[in-house]
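In the part that follows, the structures are each spelled out as structure tokens.
Here chain A shows up in two complexes: once beside chain B, once beside chain C.
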Partner chain A sequence: MVYQPAIDIYSGKIEEVILGPGGNSVRIGGEDTLPFHSFEGVLPNPPKLALEICITKQADWTEEKAGDFSNLPSEPADLAKKYIEELGIEIIALQFAGAAISIDEMAKRAIKVIKAVDIPIIIYGTGVSEQDQILLPQIAATCAGKGLLLGPAKKENYREIAAACVAYDQRVIAQTPLDVNAAKQLNIMLIKEGLAADQIVIDPLSSALGYGMEYTYSVMERIKLAALVHNDKMMQMPIIANIGAECWKTKEAKEDITQGVLWEGITALCFILAGANIVLLKSPHTYKLTQQILSKHLTDVEAN
Partner chain B sequence: MILIGENINIMSKITAQALKDKDPQPIQNLAIAQTKAGVDYLDLNLGPARKNGDEQMEWLVKIIQAVTKLPLSLDTTNPIAMEAGLAVCRNKVLINSASGKQESIEKMLPLAVKYSAEVIISVLNDEGIPSDAAGRAESIMETIEIANELGIPNENIWVDPILLPVGVNQQAVVDYVEFIVMLSDMAPGVKSTVGLSNLVSGAPAHLKSILTCTYMIILEHFSQYSAIVDSFNNELIRLNRGELPKITEVVRKVIAEEDIDLARFSARERDYAKTARVLTGKVLYSHAWLELD
Partner chain C sequence: MPIKGTDIQKRLPGTNCKECGLPTCFGFAMKLATGKLKPDACPYIAQSLREEIENLLTPPVKLVVIGTGEQALNIGEEEVMFRHEKTFFHPPGLALLISDTETDAEITAKIDKLQELQFKRVGMELRAELLALQSLSGEKAKFIALVEKVLSQAATAGIVLIAKQFDHLLAAQEICNDRKPLLYPITAANIDDAIAGLNERATPIGVQAEGIEELVPLVEKLRSAGFEQIVLDPSSKNLIEAIRDQTLIRRAALKKDFRLLGFPTITFPCFLAKEAQEEVLLAASLIAKYAGIIVVRNIKRHSLFPLLVERMNIYTDPRRPMTVEEKVYEINSPDAAAPVILTTNFALTYFAVSSEMEASKVPSFLCIQNTEGLCVLAAWSTGKFAADTIASYIKRSGIADKINHRNLIIPGYVAQIKGELEEELPDWQIIVGTREASGIPALLKRQKQLLELSGS
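Up next, the complex of A and B:
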């Protein structure tokens, strides 16, 4: 008997979202099959990693064995340039959570970074709805046409953020708390505000390995199945996993940097397997490690 | 489908206040209005009834029997309150409810024997609500066996599989139907009932009715025997009487997965078709499901 591979064809397709300014844009999504099912369909854009830069204080990633990434520049724009030069990062994520400065100051610092580099930038706000609904539109307006990915837009503040993204042609991160039904609802509401489906990225809220990762994993799976198998147009946006902060606040990561890097790396790979199209990392070590694994995999796939 | 009216309920302000004041009028009015609305049973829900439960249930049964001939469904988890109500019931009566919990088996099921009452038995047991159809089947079969041994025939047992809100667990709503189909094979002769309003907890207020109505048609299609419902949902009552055949037909077409051209239907029928697609698991639930094509 001849072996017949079990091949499924799906009726749906994930939207392709373009991040960043013209020349250096990065595409995410666009696949018409499940993660890594290249034997069934086309996945035009491999999963992307973004590296996080805190808008106020930089972490110290000094690791005895690795030696590098000590004495990082404290100025976010300088750090961004260093990461681009030394790691070849394609996307930067500016992180504002816990920043104890005024909203105007946050916006000022963000704009400075956006003007200094020409790769795609994610603006991951404070997570406090009342602050983000002022901060994000301010940045969106000043940086019109930069193709920024802004968020998190939540049930409480999506209107203000969506309006700014429509007006200044930016992209939006739609965040809901581990709930497929709520994720669909928020996408519907964003589209009602005038956004196109290819301006939205779903953030189902990510947890770290050992701290509820399975919940996120299963929500991501369900989103991809609804999008591809059931051709649900309101679930066909790419998925973002913001895992840096979650991983680095675990007991295991705090004990030891090497352990933390592995913790963050495993979490990232799991979500990529579940269907995340872009993962936000905190440590440059993790970035390097995870990028190596992804590149090796992609080379192997091509060789086959 | 046999409908049990849920509107006399300790959770409602009218009922709670009238009970506190021992004022029969508002509760009797609710009983008369539900009788007129056309339901088959009246549920008298006292909840846990920890304080003076027996006195309250006895009073409630007496004042309601004075104004309606409908059979009653006595709804409390307190067996002492339950017995006080059963003792004064004139007509056939339904115990709402027993379960597979040890305490319920020991104290509630014997009352069904003593008073030759029918009894609702839920799939709940000491471990909680089983998560899938197989787990529910296992739990209910154990309890039914115990009930049979006590002398309660299958004909007097109404199984409550427990319905979860569609916004919380859509798959469970879809799987519910599978359980109902299994039930008639597993325990021939048993009836089924369900708290239909539980389906819509958390759903937008103006959309609760269409969800409930659509799901009732689906349950009826799969031979569900009865449901506990809002007596004042007129559309639900009319659908149950077969007075809105076009709506019933469109929902049945969705269940049968027939190709249907939505454009050929009225706006209301289209809404029912969309809702049926959600409740049969063909479309992922979101609060805005009616606004999508």
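Up next, the complex of A and C:
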């Protein structure tokens, strides 16, 4: 028997989305094959990690061995600068979930961070549709041209958020609850609102390892296959996984920070293997570890 | 791709000679198609058809068994590239590497660790099942001593024998043959020794070569010598190569019907990673990406447990919802005055609710009703979580004997059944809980206060 490698060429291609302002922008997506299948296609942009900063209270990431992240500055902009300096992070994700402050105060704090740093910023809102539809357009308008990635836009509030993204040239996170068809539907509706395909990122909703991770994993694989194999234009947007909060609220992470880092790291890596183009992490330890795997073990030497 | 009885019939002699024991060739063809008879039963069957049928009746990825008895590891027999297409069947074996250059104390500690680190989750037992014993010292006696120590101290663990020297492998195999170990590596250099030296063709062997192309002729040679329990190692140098190799091997077997690659694989994060955490993430990737055996150097509680949970997640059958056992779960050591929450036995519902209950620190009871794995709304809409079935569950659950009050909190999503349920359970007061689990801690704290007030 003669062996011939079974190489697949896909008819579809993932959109390339540019995040952030001019000089320091970051590109995600753009591949014409499955994750890490550089033996049969081109993946111009490796998966990206973003580290999250809570707009109100910062966690303490002290851990015996893996470096010092205790007594983090409470001011989000200072923390952002520390992360950029010490970890070289490329993207910041501002998190608003659970913040018990007014919407105006949230917007004010977010804008302060956006003005203080010049790397791409993700604004991951409160998740409460009524709040986000006011908060996100407010930030979008004040920071026109910053190439922010804003969301989550859901079927309840996508109109307001899409309109702001169109008007002020921002990008949008389109969130649907673990449902391939609903994800496609929301993309169609966003396009109808005037957004370009390269302004949308799909958020299929991420669950943590041990808490339904496999559902997200398979939804991501199905979206990628629909985009690549079936050339479904409405599924070709890059995928985002927001996993920090989900991972760190598990008892397994809370009871042991080392286990928590691996819990978050394994969740991140699984989603990256399933097709996530950008992953939002909570712990700087996880960031370091996962980034090391990406650059040391998952970078195609020949392609560079 | 199943073969049709009618297609087989066309290529049989058609003489109805009855020598196969059936009255007609058609009858024989039908039995062949369903695998009830073997082609050999017909003395006149064409060689090509015989091979075709045998191929079609064996799974595209061969089942390989390492170890014996209940603890035996089954790998292979996978049918899909993506779990949503059907399911992944046999979770990869996790192996802990021990070399014969380690001290006696280190070896004992590792063996103990493997046996000690067992976990329970959603009614499943989770553990690493293999010890990979490596001849590194170059001295056969040392390697044999290691194998003997493992035989006496780890009565059930499956064994992988790793030695560059084939005579070490052979000597080790002799003393643990009844444990059905995997011998590794069989390479171009020792394949002739292996064919000559391994009398038992059922011995599981791990074949190693530089890349898939080099692997194929070795497998061909071994198969024609009668070996069928084969595990493949294409010597991937890093994770990105491993993803490529694992994908191409499985694709060849499933999509191209290329039988020489229709075997499970063995992978070695232990040789690719420098640090323990790095090793964990490499192993995690290989769990998702088709590995059959994953050999690691470190196991700690905090690294093995997440890997085992990941393996369970990835190998969960997507066609069947994950469930937990129907029973009354005690959370934070409840007493008779503790609040009671009711929900369904869909595992994710259980996890969400129980973790919020734990986090609330309020001692409480969680009644889990068997709804065949349906979540609250789905179970309600199909009648599995309606007033009558809930009432009958509450009565049989025995919760009434554990508490001194009759307050039952039901999920917010089934608020509409409150009235009906109160009719079915006249002694009980039904409290409508929150829709989302995140509201549970606040709810429990309020309930606790109310129950304390009414109790005093």
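Brief remarks follow.
The rule we apply is simple: the second predicted complex is superposed on the first by the 294 of 304 C-alpha atoms of A that agree within 3 Å, B and C clash if a C-alpha of one lies under 4 Å from a C-alpha of the other, contacts with A are read in each partner's own complex, and residues count from 1 in each chain.
Throughout what follows, a contact is a pair of C-beta atoms (placed from the backbone, for glycine too) under 8 Å apart; a residue touches a chain by one contact, two chains touch by 3 or more.
Computed from a predicted structure; not experimentally measured.
With chain A as the common reference, the superposed partners chain B and chain C fit together side by side.
Of the two partners chain B and chain C, more chain A residues are in touch with C. Of the two partner chains placed around the shared chain by superposition, chain C is the only one that A:265 touches, whereas chain B remains out of contact. Legend: residue contacts after superposition of the two complexes on their common chain; A:292 is shown touching chain C, with no touch to chain B. Using C-alpha centres, the superposed arrangement gives chain A a vertex angle toward chain B and chain C of 60 degrees, stated as a multiple of 10.
In the superposition on chain A, A:209 makes contact with chain C only, not with chain B.
With both structures placed on the common chain, the touch criterion links A:226 to chain B but leaves chain C unconnected. Contact with neither chain B nor chain C is seen for A:108 once the two complexes are overlaid on the shared chain.
Of the two partner chains placed by the overlay, neither chain B nor chain C lies in contact with A:159. Once both structures are overlaid on their shared chain A, chain B and chain C have a minimum Cα-Cα separation of 6 Å. Residue overlap on chain A between the chain B contacts of one complex and the chain C contacts of the other is empty.
Put simply, chain A touches chain B in their complex at residues 180-182, 184-185, 188-189, 226, 230, 232-235. Interface residues of chain B facing chain A in the complex, by the touch rule stated above, are 167, 170, 282-288, 291-292. Those residues of chain C lying in contact with chain A across their complex are 82-84, 121, 212-213, 216, 220, 238-240, 243-244, 247-248, 251-252, 255-256, 258-261, 272, 277-278, 280-282, 284-285, 288-289, 301-303, 305-307, 309-310, 313-314, 316, 318, 348, 351-352, 355, 358-359.
Contacts from chain A toward chain C in the complex involve residues 1, 3-6, 8, 36-39, 207, 209-214, 217-218, 221-222, 225, 249-252, 256, 258-259, 261-263, 265-266, 269-270, 273-274, 289-290, 292-293, 296-300.
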